[in-house]
Amino acid sequence: MAITVRFFASLRERMGCEQVVLDSQDIGTVAAAWERVAGDEALPANLLMAVNMEYAKADSVVRDGDEVAFFPPVTGGGHAC
Amino acid sequence: MLVEVRGGSFDPWRELADFQRRMTGEKRGKYGATSIFVGTMRDFNQGNDVRTMLLEHYPQMTEKHLHKIAIEAVARWDLRDVLIIHRVGKIAPDETIVLVAAWAAHRAAAFEAARYLIDELKLRAPFWKKECLPQGERWVSSE
Amino acid sequence: MLVEVRGGSFDPWRELADFQRRMTGEKRGKYGATSIFVGTMRDFNQGNDVRTMLLEHYPQMTEKHLHKIAIEAVARWDLRDVLIIHRVGKIAPDETIVLVAAWAAHRAAAFEAARYLIDELKLRAPFWKKECLPQGERWVSSE
Amino acid sequence: MAITVRFFASLRERMGCEQVVLDSQDIGTVAAAWERVAGDEALPANLLMAVNMEYAKADSVVRDGDEVAFFPPVTGGGHAC
């Protein structure tokens, strides 16, 4: 099994890719998944996280087959409304 | 209840007319109050001219959370019906970005529910906007 | 700005589409937020079936006060535009009684202004409703 | 000159007419106009009054040529919305 890590919006552009598939061994939390994909870069304070499309926190558990996502604050709705 | 993410432009008034026409006999004549909010693409933002906007989203997660928000509103205000349509992709000034509507027996419930729908959508639905300005592109940050 | 008392039935969605289409170039692309309220004739009230309703008004005084309310809202919330259409005469269930709409740069202003328009209209505009029930007619009293 | 007194809705039905034209002599206030049209009947507490299409009070001044109106509380807007 594996864990899929996805990036959106400005983070996607900065990471230079849409997703990374990680071997799930040794990955226990969202923070650990971030470390695997970002190396030395600390988890940005305002970054949002989701596990299987539900909002999650840095210490949320990640299991085999899960989809983890990182993205900047959301800006839906009307244009600056 | 209709919750939709649209890839192409849409006419909010036609959507409302169509949706209301499709309401079942059980709902017809049972609502006295409808509150609607339409968010439209502007041609300016933070002092800059904006030519087009690119709306990105997280497919499936968006729909999942819009549904949740709609169901919460129906439960909290005893609504007759709810509609949410949100645009994604490339958008031009004057085009509709979002449409939310709440049908209720009384106006207080309709207004509060529509406000809840758009406020929660902005807080929780995974959409991101990138503006194309004459001087280049920029991601819109939430205030 | 459009403030109108209508003797015949009207389609709120078509009115909104037409009104927005007529907005001048100066206003186009300048509003990000539109809040709309539609009041619809129900087929029940206070536990009774309602077949038709007769809406009486005080000609000229009605228009005068609707205009005042619209101007107050524009001044208070810096609106781009305002629309008020109110029906009079004989009305059947499911028909639109009132439509108010406020166009603004931001959603808080749009919502608050639309709420103000309908709340003040109900308080100050001289309209009276008479319901036709299976058991006879009755004037609707304000709560 | 004269003063026109108008009635609306349930009051119009109760008065049995839409309007009465009064000779303006001796009429100084809205209350006085009511007395002229209603006789002994006291001004109902919840009745609304207008002079020249502006809301008025029982002691508001009425002048030659004015239009005075009496009507029940207004019930516009959506149906019981």
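We call the chains A, B, C and D, going by the order they appear; numbering starts again at 1 in every chain.
Here is the rule we go by: a contact is a pair of C-beta atoms (placed from the backbone, for glycine too) under 8 Å apart; a residue touches a chain by one contact, two chains touch by 3 or more.
The structure presented is a predicted model; accordingly, all values stated were derived computationally and were not measured.
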Partner chains that chain B and chain C have in common: A, D
C-D or A-C - the one linked by more C-beta pairs in contact: C-D
Approximate Å spacing (C-alpha centroids) for the pair chain B, chain D: 47
Between chain D and chain A, distance of the C-alpha-averaged centres to the nearest whole Å: 70
Centroid spacing, where centroids are CA-atom means, of chain C and chain D in whole angstrom: 26
Per-residue multi-chain contacts in chain D, two or more chains: 77-81
Residues of chain B engaged with two or more neighbouring chains: 32-33, 37-42, 105, 107, 110, 118
Touch-based graph of the chains, sorted into line, ring, star, complete or other: other
In contact (per the touch rule at the top): chain pairs: A-B, A-C, B-C, B-D, C-D
Residues of chain C defined as touching chain B within the complex: 11, 13-14, 16-17, 28-44, 93-94, 105, 107, 110-111, 114-115, 118
Interfacial residue positions of chain A with respect to chain B in the complex: 6, 8-10, 48, 50, 53, 55, 69, 71-81
Chain B to chain A touching residues, read off their complex: 37-42, 45-46, 50, 53, 55-58, 60-61, 64-65, 86, 97-98, 118, 121-130, 139-142
Contacting residues of chain D [partner chain B, same complex]: 77-81
Residue ranges of chain B in contact with chain D within the complex: 32-33, 105-107, 110
